[in-house]
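Got some structures for you, see below.
Same chain, two partners: subunit A is paired with subunit B first, then with subunit C.
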Partner chain A sequence: MKELLKIAYRGLGRNRRRTLLSALALGLGVALLLMMAAFVEGEMRGSLELGIRLESGHLQVRARDYDSSKASLAWEDLVQSPDVIAAQVAKLAPVRAAAPRLYASGILLAGDESLGVRIVGLDPDSATTGIYREGLRGGAWLAADDREGVLIGEALAAKRNLNVGDRITLLVNTSNGDVDEQRFVIRGIYTTNTPSYDQSNILMPLAKAQAISQAGNRASLIWVMLDDMFQAEAVAAALTSSQYEVKTWEQLNEFVLSIESYSGAMMAVFYLIVLGITATVVVNAMVMAVFERTREIGVLAAIGMKGRRIMALFLIESFLLAVIGVAMGLVLGGIIVYWVSTRGVYLGDLVADMGVTGLLMGDRIYGYLTAQDATMLVIAAFAVTMLASLYPAMLAAHMEPVQALHGGEA
Partner chain B sequence: MPVARVESVTRDYAIGDFKTQALRGVSLEIEKGEFLTLVGPSGSGKTTLLQLIGCLDQPTSGKIWINGQDVSRLSRNQRAEIRQSTIGFIFQFYALIPTLSAYENVEMPLLLGRVGASERRERVMHLLEAVGLADRADHRPDQLSGGEQQRTAVARALATNPTMVLADEPTANLDTANGQQVMEIMMRLNQETGVTFVFATHDPRVIKYARRVVTLRDGLVVSNGDAPNAGGE
Partner chain C sequence: MMLYLRLAWRNIWRHRRRTMIVVLAIGLTTSMMLLYQGLMAGFDQAIYGNAIKVLGGNIQVHALGYADHPDERPMLPIADDLAAIEAAATSPQVLAATRRINTGGMVSNRQGALAVGIVGIEPEAELVASLVGQRISQGRFLTAADGDAVVIGQGLAVALEVGVGDRLTLVGRATHNQMRQRTMTVVGIYDLGMAEIEKATLYMSLAEAQSLYLAPGQSTEVVLWLRDLGQEAAVIRELAPRLAAYEVTSWKVNFPELTQTMASKGAVMDVFGVIMLAIAGIGTLNLMLMAVYERTREIGVLGALGLKPRQITLLFLLEGTLMGLLGALAGVALGLAFNAILGQVGYDFSLYTEMTSYTALIDGRVYSTLALDKAPQYIVTAMVISIVASLYPAREAARREPAAALHYV
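What follows is the complex of A and B.
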């Protein structure tokens, strides 16, 4: 084995440029895949986190027939006395915060233009509104008893050229199927760094939202945040009642989670395609090495080296080439992944128009590479390279000594 | 018992639709310690015969025994084992592994035979000294002259204490002085160790060292007998 390793290692040094270029091809492939894996994982994690922070919370307590996609305001679809229920939920140990929310669909009138929006009625004093508070870019936060103040998203403000203090008109659906029209003052501008969300969600105090939508003392749901999101199922089980249903973040973000598992399969195919292409470069280099060394293969066979050892010799050489290539890929990919993980890639408003329904995308994608993804990728790179190298190795092993000694000619 | 016995051996080659017969029924016995030369014009079959005796190839018909063992129909691996343990090769081209030093080239057959490290070292250095290359042990082939490379190949051929060394045109690429030096070393080693040497050549410089000359023509042995200058100069 030692002698094979020695010959294989020195064999790589014979044509250094070819070795370097072959390893570089594999390295670039590995680096590209590391970056892709980090982007996809980062985007999936980002979307899930945004989904939890903006659309689902960790848990939602809501009426059994409530359809969140329709923002139904029918009383039978709403939660009665939501403050009382929220207070009861908040007493549970794993619960960090719980507060009612009311959603209503509406239309924003600004100048000659109108725009479909969603009214989010929330408790301004609740810890569940942290993402909006943290993202306040101008003006003031809402007061619970503010009767005409709203917050609009930064993307909406920019799109409609609206500023703090401006007045806007909202047409809001009501529980009895009518539409109510009222004037509001923009108290502040928030951003969640999610253009598609910020363009279409207008925040106002729960009491005002209940009043304008004629929901009375009702809410669409109780928004619950936990200290540990993985306690969601246990808390949901504890909260089960005959009147309301409790949905966990996993149930509410089923779409994102299904995309994540689907993207895993897609990435596996992508891995194989890219690694397959790079492996052909390695195979090409090894086939050239076999043909260049045909006479040496004959000499080795003549002095008694068996076919399987000759095969092992070229497989070891491929393995060493893969080690160099994968190491280059890890270094290069590591630098890229570090950069996209810490700085992210800014997409800006681009994502506002290309957002997939049910999938929230931030304006900046951050990479996130898991140890599992990196390990799988390294294993895949080695496996594909070694599998592809079987051909040149077998070619060398099956050469007839006599023909090989004559440089491949009979 | 002869170290090699060839009986009615033929070897056919098919090139496209054409079939050529390189050997057409050769019989020969080679005894232990011989210094024998196969001579004949190009295409006479001497290299083919050498390859068959060396278990690099298999006869189309007929039989070959090496040290009494029929090797005519052995598998690739079995033939590789016999080559490793019993036969040393010297080729016209120097046939060294270019990435290995002279020492490592000579050591290679011993590594394949799983010989222990200390015995390997002792044997390799002994052989390199025997061919006058002890001080060039660390040099790679491209740092050695043609004569030195061929002497290294001689040392490698003898590394495993083979029964027989087969040399195909060993001096063809050497100048007169180096060719003579290589032949004298082989003759000395033949006398000192008793290893059988068989050469395929049409170089008169080699033939003059032979103690027996077998002449082939058109795939047949046409003469077989003591060389006129048996025993060399």
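What follows is the complex of A and C.
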């Protein structure tokens, strides 16, 4: 066995350029697979993370009948005395922050046009609003007692040509089905780097949102952030009461998670194509090499090497080749994936996938490679290379010594 | 030159096995690249094709000045809309051409008010192409004769707590900026599984929209529904002479968010494609190198016979080019066959994901497109790769001392 390994190693070393090129092709293939996996996983993670930061939080405490797509303001769909509940929730150890939010649908009147928007009433002092505060691009952050100030998204400001200090008119739906109309001042402009979200969400202090929507001391939900999102199930179990229901981020982002499985199935086909191309390249080089080395094989057979051993020899060669190739791929892929994960790929400021594919999408995708994906792809690349080298190895094993010794073109 | 070509042609058939290996490698990699392209286009169709149908069709014909109008969906009637429809019908790609009044407004009832897109349509004509008509979950779709009738989305029905038979108040802005209000009955509800999109648009018959918006006999938009996504530019080019008096734009212009999302994803997938090409290129280079070194002795003979290095290079270059051409042709034939099969059978994704039960916008079955338009590009690329790949070994081989080359074993 050790002998074979030595001969195989020499065989590879004798024709260094060929070995290097084959390994490089395999390495590029592996690197490409890793990149693809990182890109898709990164997109899904990004989308899930945005979903959590913008739409769901880690946990939501809300009324049993509350339907988030409806943004109902009927009193029975709302949470009573939300401040008290939020304070109670915030006392739990795994909870980083908890604060009430109120959602109301409304219409922004701008010129002759009416634009559907969502009013988000939030507690400006709470840590749950960090994403907006960090994304403040102009003007000032809201004060809890501000009675006429709102924040609008950068994308909306650009589209409607609005600036800090401008006045806008909002029609807001109320609890009793009326529509209230009021003028507001744009205090500041925020961005979440998610154009589709920024275009349609207008922020105002919770107290003002409660007043204009006539919700009184009620909120749509309590928005809860945890220190560790995987504690969500446990905390939800601890919070469940007869009056309200608790939803975890997994339940609230079911759709994104299901898209992930779709992308997974789609990427599997592309992985197969990449593996197919790599295998074709490697196998053809090997077949060519076997014919080129006909004479050598003839000598080996003539001095008594059995067909099985010759086959083993070539398989070991491809094994070594695969090791070199995969190692190169890991290094190359690792560098690229690291770069994509830290720098991100800019997608442009118009992306608005939400609604079409249901994915909330930022304007930048950061790669993310899971250990599971990497392992699976490396094993697949390895297995495909070995399987593919079976044919050239068998070809070598079945050569007749005498004919092989005469060599060259048959 | 002819002599070299003949020599090269004879040479590649003399080493039949080697030629087969090279041609097979180029052919298989090319066919897989084509399959990749075809599947990508197929996924685009599956993911975005229905969205384009719902958002308003492949190509929109508007009156001149529509795009520059300060309003987003201005009430700008088309001068001779029937002529536009007649012209559109001449293209075989056009599945249907329909007239619309496409504008915005507000819908309200005792539950509140929402901003919506209000679209007057020709229901019978749109039914073949539009997803909305095919996805009615309650009640019925519109008919041309409908007066007091709207079809709304499931999302809107939930938000406003209405069902079939309930009444809604619509407010819109007619021509000459008059505000118009009318209360109408919900006759049908469509369900796409996408609340956000369902909330955004409601439909009524064109005749009713004409009376509501004081535009008798007029329309603001002619929609061309195509058979295949991606043919927009070709159809616009084809119809340009007949539609000179209108503004003709595709969904790429009218739904910029969708375009950019697709474009940036496409760019990433193209980068992947280039890397695949690089892998195939390295493979070809490797094979060419081997093929030339195997023939060192033959090169020595050629040199001994008096061929100059330049001439030997030319000969090997020609051989490489011919093999590249053969490989590319085989690859394109094979790739088109793959795509044709997948285009017929499709690849059923609903087996692997539950997502299609959530939304009607994404097809569970993906059909590869033929990617015929990419074929010339791949033939050229494969040939360029094999020329480049054979150039280096050919030059190196040609420079060898004939005597030394002859001794090569």
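The rule is simple: the second predicted complex is superposed on the first by the 378 of 410 C-alpha atoms of A that agree within 3 Å, B and C clash if a C-alpha of one lies under 4 Å from a C-alpha of the other, contacts with A are read in each partner's own complex, and residues count from 1 in each chain.
Everything that follows uses one rule, which is that a residue touches a chain if its C-beta (ideal position, glycine included) is under 8 Å from a C-beta of that chain, and two chains touch if they have at least 3 such contacts.
Note that this is a predicted model, so its numbers are computed, not measured.
Contact with subunit C, but none with subunit B, is seen for A:277 once the two complexes are overlaid on the shared chain. Using the contact criterion defined above for the overlaid structures, shared-chain residue A:32 touches subunit C, although it does not reach subunit B. Once the two structures are superposed, subunit B and subunit C can be ranked by residues of subunit A touched, with C on top.
In the superposition on chain A, contact is made by A:67 with subunit C only, not with subunit B. By the touch criterion stated above, A:22 is placed in contact with subunit C alone, subunit B being left untouched. When the two structures are aligned on the shared chain, A:115 is found in touch with subunit C, with no touch to subunit B. In the superposed model, A:287 makes contact with subunit C only, not with subunit B. Within subunit A, the residues touching subunit B in one complex and subunit C in the other are 410. In the complex of the two chains, the subunit B residues touching subunit A come out as 13, 15, 51, 54, 56-57, 76-77, 80-81, 83-85, 89, 91, 93, 95-100, 104, 107-109, 111-113, 156.
Listed in rising order, the residues of subunit C touching subunit A in the complex are 15, 17-18, 21-22, 24-25, 28-29, 32-33, 35-36, 39, 43, 47-48, 51, 70-72, 104-106, 108-116, 155, 158-159, 173, 177, 194-197, 199-200, 256-261, 263-265, 268, 272, 275-276, 278-280, 282-283, 285-287, 289-291, 294, 347, 349, 351-356, 358-359, 361-362, 366.
Interface residues of subunit A facing subunit B in the complex, by the touch rule stated above, are 2-3, 6-7, 10-11, 13-14, 295-296, 299-307, 309, 400-402, 405, 410. Those residues of subunit A whose C-beta lies close enough to touch subunit C in the complex are 17-18, 21-22, 24-25, 28-29, 31-32, 35-36, 39, 67, 69-71, 73, 105, 107-108, 111-117, 171, 173-174, 177-179, 195-196, 255, 258-259, 261-262, 264-266, 268-270, 273-274, 276-278, 280-282, 284-285, 287-289, 291-292, 345, 347-348, 350-358, 361, 409-410.
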